[in-house]
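The data blocks that follow each hold one structure.
What follows is subunit A paired twice: with subunit B in the first complex and subunit C in the second.
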Partner chain A sequence: MKALLDLYVQQFKTTLAAMFQYRASLLIWMIGHVLEPLVYLVVWSVVSNSAGGSVGDYTTREFAAYFILLMLVSGVTYTWIMYEFEYRVRQGSLSFALLKPVHPIHSDIADNVSSKLITLPFLLLIAAVLALIFHPTLSLTPWAIAVFIPALLLAFAVRFLLEWTLALAAFWTTRVSAINQTYFVLMLFLSGQIAPLTLLPRPIQVVADIMPFRWMIGFPVELLLGRLTPTEALMGLGAQAAWLVVGLVLLRVVWRAGLRVYSAVGA
Partner chain B sequence: MTSPAIHIQDLHKTYVVSEQEASATAALKGLVHRRKQEVRAVDGISFDLAPGEIVGFLGPNGAGKTTTLKMLSGLLHPTSGEVTVLGHIPWKREKSFLRQITLVMGQRNQLVWDIPALHSFELNRVIYRIPPEDYHRMLGELTELLELGPLLHKPVRNLSLGERMKCEIAAALLHRPSVVFLDEPTIGLDVTMQRRIRAFITEYNRRFGATVLLTSHYMADVEALCRRVVVIHHGRLLFDGDLSLLVQKFTAHKTIVVQLEECEADLHSYGEVISCADGHFTIRVPKAETAHVTERLLADLPVIDLLVEDPPIEEVIERVFAQENP
Partner chain C sequence: MNYLRLFGVFFRVNVMGELAYRVNFLVHLFQSLLSLALSLAGLAIIFFYTSTLHGWRPDEVLALVGVYFLVGGMIGLVIQPAMEHLIESVRDGTLDFTLTKPEDAQLIVSIQRVEIWQLIDIGLGFAVLATALVRLGEKVGGWEAAVFVLMLLAGAAIIYSFWLILATLSFWFVRVENILVVFQSMYEAGRWPVSLYPGWLRYGLTFIVPVAFATTVPAEALTGRLSWETLLGAVVLGVVLLAVSRVFWRAGLRRYSGASA
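Then we have the complex of A and B:
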């Protein structure tokens, strides 16, 4: 345990050093990360204003709150492993990772958590600026805040496990970008990224409840906005926990199968 | 007798690759039914390495050297046969095994590209759980032996190829592995840097008694480091033994260098004249006839000096590799 902690601390230093090597690209990444929710926020504000100040059960200011929080939640939960893994397999850097006496996922978790810690202050700053511009309505309740924290952490854990597992597709195919594309389109609609899920048709909401995407992004946002009853919140945590277990099992199974392929066809 | 550090018995590795046709119709057919072909990268090799031995592992490109090294380091699962390294079965990738070995690939790098190598070293320190005292002592020794001092704080991408290779080697040895696999560690480096890395490998082996298996295309590496060589070709073992025996076994010729008083002599009747300059003639003769030809030369001509040599090791190796099916 102590050894793993040392690894995480050291990885934090490394990630920090690497990020500051590329301050410009960090800035570009931040802009990109803010731009997407900002676009949806502007679109929904315009739609809402022209529809008399609200769409469904969201007022213009509630849309503002929704998308600003969404930006924060997706900023905390996102991963880039799916883009990276294929490169690792092709370049052979995965071989070096496999020669180390530690599961390679630890370096990824540590790297991911580190870069989140580094970028979070900037994201909060941007959220504050956006709040000044769009005047969101947000009434926080203590219980919602209390449940939000575990919900956010679980959202991150689920998203990380599933995307790490999906990234392992690189063991079988060199065309992972098609898989990634499909994944991101599904995520866009079913996670609540493009619109709050309650505004979507009922069948899509049902699908969203079954699929993991809502539990990786939309759920913590809805929770903090105070749109869920305590029962719904608990059921949400339950869904997250279930997906966490599914993610762990999948990861284990797929990793082993992938390693078998990798060690059969060559590194 | 001590048990070997590395034991390989009848090792095989067969890859299945799907073929792709160049023509469009054939490619379409390929969508439905892939033609599979088996490639025997390693085809039944056996050899052992004693603890502390440095052995040169030779063969032309595609002979199966890297495949073998990957099976030895646990990256590849053998198709059949037996491999043990320090008593472990490599592909199980047990932590206690991984902590005792290292693999350096001259054409790949493990260092984090954008930041100084020292960061990667520190990462390896925690990954291998090297106690701080050991780490600092080892880092000191490696820094001294490889002259890393000024390099450690520069971003890896700003290092020259040779400088980067030195850092790669250091990163791979911080945990003081007792078995070291080196896959072309000097590739692309200039002669001075090659020599320095060679000297370092010798010193590492001497200091820590490590077992080293090394591939290289530079015969100077092999001559300087390895008394024993293992040669493979088309996945099969061609030779295993002393480097000097390799020369004896695979050369049917010797070269005779004769210095004459006059330059105009015609020596074609003695053997194949390879070159002549300033009265120095180099003739190649079948090994069995060496004594006889030498005798004749000395009797027939006004010889100032005469030297009988084995052909250079490069030439021997070239001849070994040129044999398609030995």
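Then we have the complex of A and C:
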């Protein structure tokens, strides 16, 4: 346990140093990350204004609150492992990670959490600026805030586990970009990134409830906006817990199967 | 004429190189269709709730999506691979080989790399555009079509010069590939008419990163929204930027010392 803690501390220092070295990459990541929710925020604001101030159960200002919170939640739960893992397998650098006595997922978790700690202040700053521009309305209730914290952490855990497992596809194929893109398109729709899920046709909402995407991004946002009843919130946490278990099991099974076929393409 | 022949040669070489990986065609086709499906589904949801988006009717936004794919495909076909290669060859010194060739080096640099699978995006763009035009019917006449082509050319000149200027910066600062990534994520915003965006973002997308000239302006030409000012502005900006990028290129070459030599 002590050794693992040391690993996390060291990884934090390494990530911090790397991020200060590559400040430009940080800025670029920010632009890419903010622009997409911003575009949909603008589009929905325009639609809402032309429809007399609201669309479905969202007013213009509630759209603003929705997409600004969405930007924060997806910024906190974001992972880049699906791009990185392919590189590791192709270049054979995974071989070195396998020689270490701990599971390679630990250094990835530490790296991810560290860079989130560094980027979060910037994201909050951008959210504040966007709030000044778009005037969101947000009425927070104490219980929603209380449930939001575990919901956000679970969302991060589920997204991390599933994307880490999906990244292992690189063991079997060198063409992971098609898999990644399919995943991201599904996520855009079913997590609520294009539009709040309640605005989508009923059948798609049902699919979104079954798939993991809503539980990785949309659910914490809806929760904090006060759009869920306590029962719905509890059921959401239950769905997140269920996906967490599924993720853990998948991770173990796929990781073992993957190691057997791993041959370090580049080495 | 000679330049066209050169482009033909480079194109053939790249085609031969890629045809060794034929499955790539299917993979790229799949990815392009997926991206198109995303765009269309987004439109479907939005136009379920409204009949016009800031004055743009569904078929007009569809035409814009066609232009978005068409221009994105053209950028990905020649401009982006060429500029990425230029930055790399300045860094590792292989630009020497290009400079010793008898033809104009800027031209060779600009056409030597072709990502042939981007032709899929161009084809899809044309298909979407054609569908939109058929649905728009006779509102699009010969005049609109002519201005549309002119605006596409102006947009291409602006985007090309913009990328060349950025890539030329690599003569002074070695690591600039990050700037190109910014353009790609900004280009996503071109799926929608830039008139939608609040002022600061609209100016940014017009003058700092000229996405507007690549997608919105040609689509405006096609749907008869283009003002004379924008038309003239786009043409003048295209010509000026071409000249400026040429100046940048020459100044950069004087700076270049050749890492390998």
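Convention: the second predicted complex is superposed on the first by the 262 of 267 C-alpha atoms of A that agree within 3 Å, B and C clash if a C-alpha of one lies under 4 Å from a C-alpha of the other, contacts with A are read in each partner's own complex, and residues count from 1 in each chain.
Operating definition for what follows: a residue touches a chain if its C-beta (ideal position, glycine included) is under 8 Å from a C-beta of that chain, and two chains touch if they have at least 3 such contacts.
Fair warning: this is a prediction, and the values are worked out from it, not measured in the lab.
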Subunit B versus subunit C as contact partner of A:13, first or second or both or neither: first
Touching partner for A:132 - first (subunit B), second (subunit C), both, neither: neither
Touched partner set for A:28, first subunit B, second subunit C, both or neither: second
Which superposed partner A:93 touches (first subunit B, second subunit C, both, neither): first
Which of subunit B and subunit C A:177 touches, first, second, both or neither: second
Touching partner for A:101 - first (subunit B), second (subunit C), both, neither: first
Partner chain in contact with A:1 - subunit B first, subunit C second, else both or neither: neither
Which superposed partner A:36 touches (first subunit B, second subunit C, both, neither): second
Which of subunit B and subunit C A:47 touches, first, second, both or neither: second
Complex interface listing, subunit B residues touching subunit A: 15-16, 67, 70, 73-77, 91, 93, 95-96, 98-99, 101-103, 105, 108-110, 112, 114-116, 119-120, 122-129, 155
Complex contact set, residues of subunit C against subunit A: 23, 27, 30-31, 34-35, 37-38, 41-42, 45-46, 49-50, 52-54, 175, 178, 181-182, 185-186, 188-189, 191-192, 196-198, 201
Subunit A residues within the subunit C interface of the complex: 24-25, 28, 31-32, 35-36, 38-39, 42-44, 46-47, 50-51, 55-56, 133, 175, 177-178, 181-182, 185, 188-189, 194-195, 199-200
Residues of subunit A defined as touching subunit B within the complex: 3, 6-7, 9-11, 13-14, 17-18, 21-22, 91-93, 95-96, 98-102, 107, 260, 262-267
